[in-house]
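Okay, so chain A shows up in both of these, paired with chain B first and chain C after.
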Partner chain A sequence: MNVSLGFVLSKIFTYSLVHDMLAASVPIVLACMCAVISRQVNIINIAAEGIIMFGCFFGVMVSYFTGSWLLAVLVSVLLGVLISAIMAVAYLKYEVNIFVLGLCINMIGTACTRFLLQVIFKTSGNFVSEKVVPIPRINLPFLSDSPVLSSIFSGYTVTEILVIPLVILLWFMLYKSVWGLQLRSVGLNEMASYTSGIDVNRKKLVALLLSGAFAGLAGAHLSLGYSCMFIENMSGGRGYMGMAAMQFGAANPIWAALGCLLFGFSNSVANRLTPYGIPNQFVTMIPYVATILILAISVISQKIRSTRQESSLRKS
Partner chain B sequence: MIENKEKRYEPIIRICIAFLVAFAVFAAIIAICGYNPLDAFYQMFRGAFVGKFNFGSTIEDFILILIVGSAYSLTRRIGFFNLGLEGCLYIGAMFSCAPGFLLPDLPSYIIIPVCLISGMAAAAIWASIAGAMKAFLNVNEACTTIMLNYVAIALTDFLLNNPWSAHSAAPETPHVQASAMLPKLPLAPSRASTAIFIAIAVYAFVFFLTYRTTFGFKFRNVADNPRFCEAVGIKSKWVILGTVILSGALGGLAGGCEILGVYGNFIQNFSVNSAFNGIIACLLVKNNLALLPISALFIAFTRTGGNGMEYYTGVPSALIDTVVPILILFVAMDRIFDYKRLWYWLKGKLQSRAPAKAKGGSAK
Partner chain C sequence: MEKIVEMNNIHKQFPFVKAVDGSRFDLYKGEIHSLIGENGAGKSTMMKILYGMYEIDEGEIIVNGERVTDGRYTTHDAIAHGIGMVHQEFMLVKEMTVLENIILGSEPTKKGSRNVVIDFDAARKKISHYIENYQMAVQMDKKVMNISVGEMQRVEIIKALYRGADILILDEPTAVLTPQEADKLFEILDIMRRDGKTIVFISHKLKEVMKISDRISVMRASKYITTVNKSETSIPELATLMVGREVFLNLERTPAKEGEVMLDVRDIYVPSERELSKIRGISFQVRKGEVLGVAGVDGNGQSELGEAVAGLRRIERGKVFLDGVDITNRSPLKIRRQGFAHIPEDRNDRGLNKKHTFAENMLAAEIRDRPYSRFGILHTKKIMEEARARSERFDIRPRNPENLAGSLSGGNAQKIVVARELGASGKKFLLAAQPTRGIDIGNIEGIREMINDAKAEGVAVLLISADLDEILSLSDRIIVLYEGRITGELVNDGNVNEEELGLLMIGGGKND
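Let's look at the complex of A and B:
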């Protein structure tokens, strides 16, 4: 048993796991940034799942008909912005509950893409075509001598490489710029920021639009970068995973992105465990359970800290 | 000119307009795709109500939607957005199924309650995690419930693959003993069972609890004004926890009814988002309990009718799955259909177009 377990582990934890983990994390990171921005203005945006589905489908469709991946990504991003704009009107003007809104967008995303797939491409289930142009991969030829290095550092798509500067830029904008300070102040105390002259609804609108753009990018990357096809329901809960990772990182882009790596890691390990007949469900569970535990522990520790401060004040 | 006071029938008119608009959009899309809308509607109606099998399938969906809708209505009233009913349904189904094949053969009046109660208890414990986190730690419920859904699906996946596997080709548990199955309704080829009586009882219970008991009074007020409730001695945290647990237990009961009434064993992914249909049914009538059965029947009608429509006319049933959430959005933002303002605006236009006549009229 020990020998076989060691064999299985050696098959799972190889150097190519790093590449798999990073590739599996990237769509979740993008979905997570959608949740992060809207969380900073105190909106819990669960619509990422639906926008990702739209992004996936329109990415594939535009790439199929025009043969340009750049145009496809742009259309997906713009579509995400458009859906977010509809959401923003419903949420800010007509005061619809944000969860109802998100739930509806998610359902429309799944059903509408299935419908369009049947009407436009006359197939159901999935759509694969040689005419779909994927997002190009960047290979580093000078690393090709070493399989380890080339596996870890080479062969990423443009969007995968773009994610790192995007996350850092977002962190910089949120925490080191006046714009971000105002945005966060809306989330922290709406009343105070209103009194200090910030247009609260405008900030919320901007945050929602940006989050839609990120979710659209996540969709385009999922269908054109991570794979090169469209599958019904292909987002597979990545929007929700992104939300969980946002909670994991307390809405800080960098910590949340690291949380996404945990999701990517557990996903790729679970995929590798499947052929050996080892129950992989517990590995799949790890990030969710970890997020719930982290949420609980962080709140409890905050409470303990505040009660300790209170009691020390009372003593003096 | 515009009165500020809203009359009681006004929201209903707006919701009717929302229905009509969604209906028109639906018909227009069918027409654009090159099908006959009237034919599609006819086949949809036939697919849902005409014939024993079709009607039975609608009833089968209706049972689940009514139970989940009632369960959801409880938590919606305290402002807890319970997306975790899907997880409760899985847990409840699994633990309703387990006694059915683990226990020795028992008469049905013992085994059915044992199965259902064990499922409800397991689902209640499951729901209490999210409930406690909301009530005592104030963690946002949408996040925890969604994550718990995934954990529940993974957990049931593990159970049906390893300890409780039927060792057949498909990932499923063994069948429950024959006496544990709920008797079927006389709608022979369909799988509709007498669980409909359980569903009606659950609905009546929720209705009674909400409007006729002290507990119902408490949880109707907790969402509106928790500080007031604390001041008058209602322990709002415990009320929230209790309501969420009750809702979870009913979600588990829905899963149990699905196993004992329809499938007979737990098959992997047996319910793809079916709990969400119950949530939709509740959202569609804005949590008005009196209208919930109609709304549940409507959602069940769209489910089975959509299949009939796809089979006979070729219009993809995904279209109806798209239109129903749009309809809910319309209902949720029903103020967009402000027919009164439109009416006054039209009136104003007409008057300004013929100013002399209007002035003459008012002078008299």
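Let's look at the complex of A and C:
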């Protein structure tokens, strides 16, 4: 038993796990940025899950019919913006509860893509085709001599590479720019922002539209970059994992993105465990157990920190 | 002199009240114009309208000769017209720094960054100009949550000036200051007037109004009454104009009895989100049949003290006894069962459920007991009978207990809270936190009498109030809180000096 456990572990924890972990993290990072931006204007936006499903399906569909991955990604992003715009009108103008709206989008996302799969591709469950053009991968030929370096640094899709500057840009815009200061102030104190002459609803609208764009991108990447197919329910809770990572990083894009790596790690370990006779139900559970653990840890540590800070026994 | 603001025939309706009813107001360049009236008279609403925070239902506003109400008029437009406002409830983002708060919405940007990247150095430079010019010290890098209330007010004033305000509206600015700090503020306002700024001073403290105004406008019950020149009026005349009758806020205080100790607070430590509000070791006793007043500038731990005693905030060290029973960190329900009555400091947030009826609110604390319910089923008839009886006894208007609590005026809503807390039998101790904040003079008189009556019947009262007049009119003894510690204790024998109290309130106590 011991020998076989050691064998399994040696098969799982290899250098190629780094690549797998990073790749598995990227869709969650994109979903997480959706949660981060809306959280910064004090909106708990749970719709990432549903928007990702739309992004996945339309990414595959546009790529299939046009043969252009770039067009497919653009359509998915715009679709994310459009769905967010509908939510924004309902939430900001007609004051519909944002949680109910998000729930609706998520339910429609699952059901509608399943329906479209049957109508357009006359199939159910999943759709694979050679005509679907994936997002290209960038290989670094000068690393090909070293399998380790090549595995870690080479062979990422365009979107995977793009994610790093995107997160840094978002952080910079939130914390160093006029736009970000005003956006964050809306989330922290709406009245103070309004009396400072800031158009509060406009800021919220922009934040929602941007978060939709990120979720749409997450969807297109999931079906055209991370994989090259459409599967029903393929978002698999990544939208929610992104929210958990947002919580973990206290809505700071960089910390939140680092939190996503933990999910990427648990996802890829789970994938590698499957062939070793561990019950499938248990393996698929791992990312969700990780979600609960990460949330619990971040909430507890934040609580401990604030209790310590608020204590009257602490010397100031 | 040049007229720079004119507001004519302004109407504004809120869900339950007509806040402004055909009122008017005007401003001449370079004057200090006071707008006085009772709480709820519509002063703040009128000025929030001028600042673009509320849309008006009817009327016109003319600023610098331009009819701004022809189109949509927002706060953004008001700022562009050189209007700045310091609100009674400060409009600051407490998680952000003083610097960020001041520049918010008018951020200077770095050259060549296409108005994207904030230029904090340029902002600092511009702000230090105001700090020096008006001698208003602020710590630019501290988070707002960690500065004192007086400093927050200076931040608000600088914020308005930074936006280029020529017209500065101050809504009850002295309510959060000690007498000395208020004098300092008046000096600053005087310098601003000399610099050509125009100032609107909203207040109901007539002494201060007479001290600094050029002209005074009076509002009563949502209506404009009149405008007078300072030189042609007097405090009694203003008081009559403001209330519509002569005012006597002279309560006949019942002398304290030498009763046994009812509340015993022993060296407690209480946490707070704000550094200056943490309670750091305080002890005192309240005896049967006396009122102990807690004075101090808001934010020095008064709220934390009240919440700790009431079981709403954790006590980290020390003990609290009520009539000999240890109530430290007990649940509010258990504490109430010991005969603890509580008028919470925020009527809208904690005191009342505005969406429930008057009767439901009034009996909320007793509704689980007979005769108001049996086996969990409400006995509506008994509830209504008792609510009606108490509305007579505590003079709550209108009398109909089926009205929603939210439809009552501030004063009458607060009386529901008092009736709930003091109407039940067996109360030994009353914690009254800011019991008359934001209510009209008639009801202030009524509520102060109720508190005095409760004391006369032998209830021990802990009165927490930022209003010095209230502390002096009700208390038998006074303790002063400053940064979570007691800086002094005085016996209120009728010779207490306000200056001395003011000194204790800014930490200059005998104990130092």
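FYI, the second predicted complex is superposed on the first by the 276 of 316 C-alpha atoms of A that agree within 3 Å, B and C clash if a C-alpha of one lies under 4 Å from a C-alpha of the other, contacts with A are read in each partner's own complex, and residues count from 1 in each chain.
In this section, a contact is a pair of C-beta atoms (placed from the backbone, for glycine too) under 8 Å apart; a residue touches a chain by one contact, two chains touch by 3 or more.
Source: prediction; values computed, not measured.
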First (chain B), second (chain C), both or neither touched by A:L5: neither
Winner by number of chain A residues touched, once chain B and chain C are compared: B
Partner chain(s) touched by A:L181 [first = chain B, second = chain C, both, neither]: second
Partner chain(s) touched by A:V100 [first = chain B, second = chain C, both, neither]: first
Touching partner for A:S196 - first (chain B), second (chain C), both, neither: second
Which superposed partner A:E310 touches (first chain B, second chain C, both, neither): second
Which of chain B and chain C A:I164 touches, first, second, both or neither: neither
In the complex, chain B residues that touch chain A: 33, 81, 83, 129, 133, 137-140, 142-144, 146-148, 150-151, 154-155, 157-158, 161-162, 276, 279-280, 283, 316, 318-319, 321-322, 324-326, 328-329, 332-333, 335-336
Footprint of chain C on chain A - complex, ascending: 173, 176-179, 181-182, 184-185, 188-189, 191-199, 307, 310-313, 316
For the chain A and chain B complex, residues of the former touching the latter: 44, 46, 90, 94, 96-97, 99-101, 103-105, 107-108, 110-112, 114-115, 118-119, 124, 237, 240, 243-244, 247, 279, 281-282, 284-285, 288-289, 291-292, 295-296, 299-300, 303
Chain C to chain A touching residues, read off their complex: 51, 53, 74-76, 79-80, 85, 87, 91-96, 100-101, 103-107, 109, 115-118, 159, 163, 269-273, 275, 278-280, 316-317, 484
